[in-house]
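Take a look at the structures below.
Heads up, the next two complexes both have chain A, just with different partners, chain B and then chain C.
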Partner chain A sequence: MIWLLLKRIGQSIAVIVGVMILTFVLVHLEPGNTARAVLGFKATPARVAIFNNTYGLNRPLPVQFWLYCIHVLHGNLGVSYSALQPVSTLIAQRLPRDVVLIGLSTFLSLIIGLPMGLYQALHHGTLKDDVVAGTWFTLYSAPDFMEALILIAIFCVHFHIFQPSFPGGITTVGGLFEDPRAMVLPVVVLAINNVASYSQYMRSSAIEELAQDYIRTARAKGMRERMILTRHLLRNALLPIITILGLSLPDLVAGAVIAEAIFSFPGMGLLFWQSALSHDYPVLLGATLIIGIATIAGNLIADIAYGILDPRIRHAVA
Partner chain B sequence: MRPFYRLTAGLAAVCLTTLVAACAAGHTTNVGSGSVVKGQKEKGGTVTLAEVGASPNFIFPLVPSTNSNGYNEDLTLGSWPYLVYSGDGSKSAPNPAENLYSSLTYTDNDSVVTIVLKPWMWSDGVPITSRDFTFVYNLLKWNYNDWFSYTTGLFPVNVKKVLTPNSHTIVLDLNRSWNPTFFTDDVLAAVPLLPQHAWDKTSLTGKVSNYDETKAGAKAVWNFLQKQGGDMGTFATNPLWKVVDGPWKISQFLSSGYYSWVPNKNYSGPDKPILNKVIWTPFTTDTAEMDTLRSGSSQIDVGYVPLNDVRQLPALESEGYSVAQVPSAGVAEILPNFYTPVAGLLLRQLYIRQAMEYLINRQQLVKTVFAGYADPGNGPVPTIYGQEWDSPLEKAGGLYQYNPTKAKQILAAHGWKVVPNGTDTCVRPGTGPTDCGTGITANEPLKFQLLFASGTTSFDQQNAAFQTTEALGGVHITLKSEPFNTLVSTTGTCNAKSHPAAICNDWQLEQYGYNEYGMDPSGSNMFNTDANGNYGGYSSPEMDKLINETEYGPSSSVFFQYEDYADQQLPLLWLPNPSNIIVYKSNLAGVTPLNPFSGTLNPEVWYYTKSSS
Partner chain C sequence: MQSPEPTTAPPIRVGEGAVVLPPVGGEVITTESGNLFLSDILHNKRAMSGCAVVLLLLLFCFVGPLLYHTNQTATNLNLENMPPGNGHPLGTDEYGIDILGRLMVGGQSSLELGFAVAISSTVIGALYGAISGMLGGVADAFLMRIVDTLLAVPTFILLLICASMFTLNLVSIIAILALLSWPYVCRLVRAQVLALKEREFVQASTAMGSTRMRILFRHMVPNTFNIFIVTTTFAIADSIYALSALSFLGLGPPPPFADWGTMLTNGVNDLFDSYPWEVYPALVVLVITVIAFRQIGDALNDIASARSSRR
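Take a look at the complex of A and B:
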């Protein structure tokens, strides 16, 4: 297990370096002049020169990359061209909010999706299964923004029940709950797609497990159905969900661009999108690096969890 | 684009007068442009304004050249107003009541300006003096290249010497004669006064001295203030920013862009704030802001309505909002690139630009695309505000009102085979008066690509309509959209010097919004040869001469000559310029009429009304 862990950590470092190189090159391949994009039409050549000098953009690209790496190793992700704040500060402000938003929506998806999937598996091939699957697939197929706008139209504009946007003065995670009515719709919109996904994974996994010998044996031994489900079926059927949860870790960090834009949620997704539009390279690079690290960490955690939960994996590696 | 514009301050006297009358006579107040507000004036209260898209990130009023965030002016203007207050009601003129000077006199062939300051005070009780002006001048004199508002050749480099004969008089010895209106309206209107007695230092704990009087000292002070000005965590707490001369002080600032103002109790100006507090709350997108307005939430008292959502106005009115329009101070256009290969040769022909302008149905655009909320774009000067600058020609609709027949006649008369809804081709190449013109070859098609900023539905609609109506004259337009920042970053100023740089080869026609004007809507820095803002490379000795006269000459009458010449010459294809639409709570008085010039509304003249029941 330790060897597996060390191997994976080594691979992860290599991948992170690759991500840094790739994103640095891609970001600098973006057409246009960064100084002009930031300074606007008023940018005189003198002003462009000052900008380039201030941010080191007049240096050769390999030198810029080398300096970037040195700074990253010292924990310095640079300064945003447009917000004039350290990138690490911008990320530190937004990241916890996304963890809360995406975390809540994931939790909601799980508590709805898993029982739903189990229910479908137990009623496999019946009308009940088809109705539930059809409903969630319909919601899954609908784009986020459409669901968000419909929910806003119904619950905010028409009935005035929820808030369509977050209060402007949020600086802390606790501030997100200053007006809890603002939190409801973003969480629901993000959960809708995940419910479909989790329930279908759970359904497939449970159907597969229900056909296994150990379930038949348990039933033959006269074990109560409830015990079979909770003690045997659920534990085994949840294994694929662990992988999916691990892979969804980057979402916690990357945020959700569309939902954040519609609900005026100051998270990572919006930061990334706005930075891409305004050629704010330091933020793009910083955010990509953090998302890359989260992706790798998610995979690693999923692998480790899988190994812990499934002895076959552990023994195979050993 | 900033959603809010500063209210006319001259309105204040009108408001207060009418208010007194209203209180005495039945609780009905005529406010500003005549909107009727029922009820009694209520002292105090909080107003929350929506700020969409971005938020301020710098508080020192002399913003560095690398910071192009227009929202900073929203933050600072209420605390440190300019020497010349732009906008008198909806008039394009300085506001006598709000100006920081009591008189401004031009002598010696308009090469010497004498400014007498009003006997006003800083918020800490110290008088505002001529030393505060020299402080600003000294800082800029040694640092103007790092000042975002610096325009080549203007303040401070056009000042040879500054004298201060007494504590309230400033004499500027200029480097030449300047047109007084231009100098007042477009030069001095960008210069604030700053508290030398509090800011002339190089560290927070250091003592105030006359550091600004030497180059090294001025640079040290500049660097210190720049550093403090960017420290967002201390905007509301730094003692520097507590010394103000405007009606408001910043009381809270969060890194999210949320901030608030409270009244400066020692404000010397005529409009002492009536409200207790003003809050600016950021929204990431206008969609989010519109949804909040529609939700009946109390989060927004004054908000911005995107033109795409004008159909929502009746619903907002039913939610208790009133509607006002704020003209955009500037000129909207399609920018021709005179230096792009092939298409540049076509666009250099005045008759082609004339035909294209005849094919723009501006009235229809105003009506259908902008729902009536736009300047018609008759020429280089707007007509829905500042009518004193409009020549009779512009007031009458300009030279090139929509006329496809005339457009086709012009093209046919210059050797083009006109194919409506197809593509015209040159059949008479040559340089004669009835030929296509220099460099245009036989069978050359009359076609252009219009590059425009994406993300604004009204622009999409406008440009689609442009494409359709140009086709009526056989001018084939293809449309290409890019995000605004990409568009800015991939196009450059194209003129004889920059040509044939690649950055000038990739665009032919461009549309991105509008060019801003100061109070004097001069073509300076826009249409003169080699001006930095002359992005398409238009060049005409006559235009240069007329612009120089509006900038340096003694007469104001030359302005109309310039205006009519620019209208006729079409350095840009004129387009309607959409206004900003705001909604405000119906029990909030004093909001209208709105001043198109300054960066913010001026809530110092706003007040809530009590129900008269």
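Take a look at the complex of A and C:
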């Protein structure tokens, strides 16, 4: 188990280095001049030279990458071109807010999606199953930005229940809850797509478990259906969901970019979007690296949790 | 012990505890080596109704403009924001362009993008995965870390970075999406190849002196075909959706490029100005398209896994 874990951690580190190389090369593939893209076409040659000198853009690419790596190891992710603040500061401010947003929406989609999937599995192959699946499938297939805008049209424009955009000037994580109503729509929009995927995984996982012998045995010995579900089925059927949770992180991040852009939620997604629009590459590099690390860590934690929770795996690998 | 009859394998565990999933959604792509047969597909209602919808969409987008002539290039401000009726069955948009005609033209680029990205990323991913699985050992480990790297960063994030750097057009966005979305196929195909390598018919072929190339193209590629088809249908839906999200964030191809996503984005401002006909047609066709392709993929996946469990 320990040996396997060390191997997985080693692989993860290799992948993080890979992410650094990938994003660095990608950002420097830009045709033309970064300084021109940031400062505009009317910038004087002197300003361009100063810009290049300040950000070290006039050095050879391998040297730039080497310096970038050393800086990252010291926790220095560079300085934003537009905000003129350290990228690490910008990210450190926003990351906790995203943890709150993504955490809440994951919680919401789990408490809706898992019972829904179980319900579908128990009514497998009937009209009830199809209706539930069809509803979520449609919601899942509609672009999430459209769902967000339709929700805004209904709840903000028509009924005036919520505000369409997040109140500005938030500096702390607690500040997110000063107006709890502002959190509702971003969390709901982010949750909608995940409900569909969690419920479908839960459905297929539960259908597979329902076909197993131990369920038949439990029924044969006269156990009440309720007990079979809670004691036997749920424990086994929930196991794969742990892995799904770890793996759904990239989708959540991508969804967060769109949701945050719409509701101007002051998180990483909004920062990333604005940086992409303004060619602010240090921020893009830093944010991508953090997202990559979070994804890898999420998968690693899910794997470890799986190993701890599933006795078959816990005891199999000595 | 594995159960002898896997129905739908939830997350697919591959190799050293790594797990592979399709890019999005609740669809579980099976790695069991069931082959798709035409008769199965023809008798599957879901697959056939999905195909019928796709066929109608193709006719609508590619044959439609031949029958329904509209001017899609010149703006006509006398006709801006006209409600449906009066020679414009679905009304006109903010530039006075007919929306029904726009749906057809926009659909052409959306569908071309979907098919091109799906086919090219599937081919890249399948070849890469098959070669990596065939090679094994250190080469496989190295090649797979590259794939892990691409999987570690959400595709949409990388797409945003690319879109911020390049001025996009249909060809460049196809290239970018294809280069970003092949790793999913790759993991699935590699897993299948690793399983196939242990099967008797491959070992027999090796024993008879087949070269690696021959095994790759005669045995591996045909036996991973069901993965190809299933992932292709999902990739079509995903890439159409990715382009629309990109356009929505203002990083899509600049005008005069038109696709359903840009139509949605342009119409969004009008959602609140009570011009709903500028938004909902594009939304409806987009949702229908995505659902149709996902239904086909889902149905094919069911057929493949049913095949493999029957054996």
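Just so it is clear, the second predicted complex is superposed on the first by the 309 of 318 C-alpha atoms of A that agree within 3 Å, B and C clash if a C-alpha of one lies under 4 Å from a C-alpha of the other, contacts with A are read in each partner's own complex, and residues count from 1 in each chain.
As a convention for this text, a contact is a pair of C-beta atoms (placed from the backbone, for glycine too) under 8 Å apart; a residue touches a chain by one contact, two chains touch by 3 or more.
The structure displayed is predicted, hence computed values, not measured ones.
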For this session: Please indicate which partner A:Ala218 is in contact with in the superposed arrangement: first for chain B, second for chain C, both, or neither.
Result: neither
For this session: Have a look at where A:Ser204 lands relative to chain B and chain C in the superposition and call it first, second, both or neither.
Result: second
Exercise. So, A:Val157: does it touch chain B (first), chain C (second), both, or neither?
Worked result: both
For this session: Return first, second, both or neither, reflecting whether A:Ile112 touches chain B, chain C, both chains, or no partner chain.
Result: neither
Problem set entry | Touched partner set for A:Leu277, first chain B, second chain C, both or neither | both
Exercise. With the two structures laid over each other on chain A, which partner does A:Ala261 touch: chain B (first), chain C (second), both, or neither?
Worked result: both
Problem set entry | Between chain B and chain C, more extensive residue contact with chain A | C
Seminar exercise, completed: Dual-contact residues of chain A (chain B, chain C) 31, 157, 261, 277, 279
For this session: Would you tell me which residues of chain C are touching chain A in their complex?
Result: 3, 6-11, 16-17, 19, 21, 23-28, 145-146, 148-158, 160-166, 237, 241, 244-245, 248-251, 261, 264, 268, 271-272, 279, 283, 286-287, 290-291, 294
Exercise. Along chain B, where are the residues that touch chain A in the complex?
Worked result: 54, 57-58, 65-69, 145-146, 148, 152, 230, 232, 254-258, 279-285, 287-289, 291-292, 294-297, 299, 483-486, 488-490, 492, 503, 512, 532-533, 535
Problem set entry | chain C-facing residues of chain A, complex | 4, 7-8, 11, 14-16, 18-19, 21-23, 26-27, 29-31, 137-138, 140-146, 149-150, 153, 157, 193, 196-201, 203-205, 207-208, 211-212, 240, 243-244, 247, 250-251, 253-254, 257-258, 261, 272-273, 275-277, 279, 284, 287-288, 291-292, 295-296, 299, 303
Exercise. For chain A, which residues are in contact with chain B within the complex?
Worked result: 31-34, 36-44, 46-47, 50-51, 54, 82-85, 89, 93, 152, 156-157, 160, 162-165, 167-171, 260-266, 270, 274, 277-279
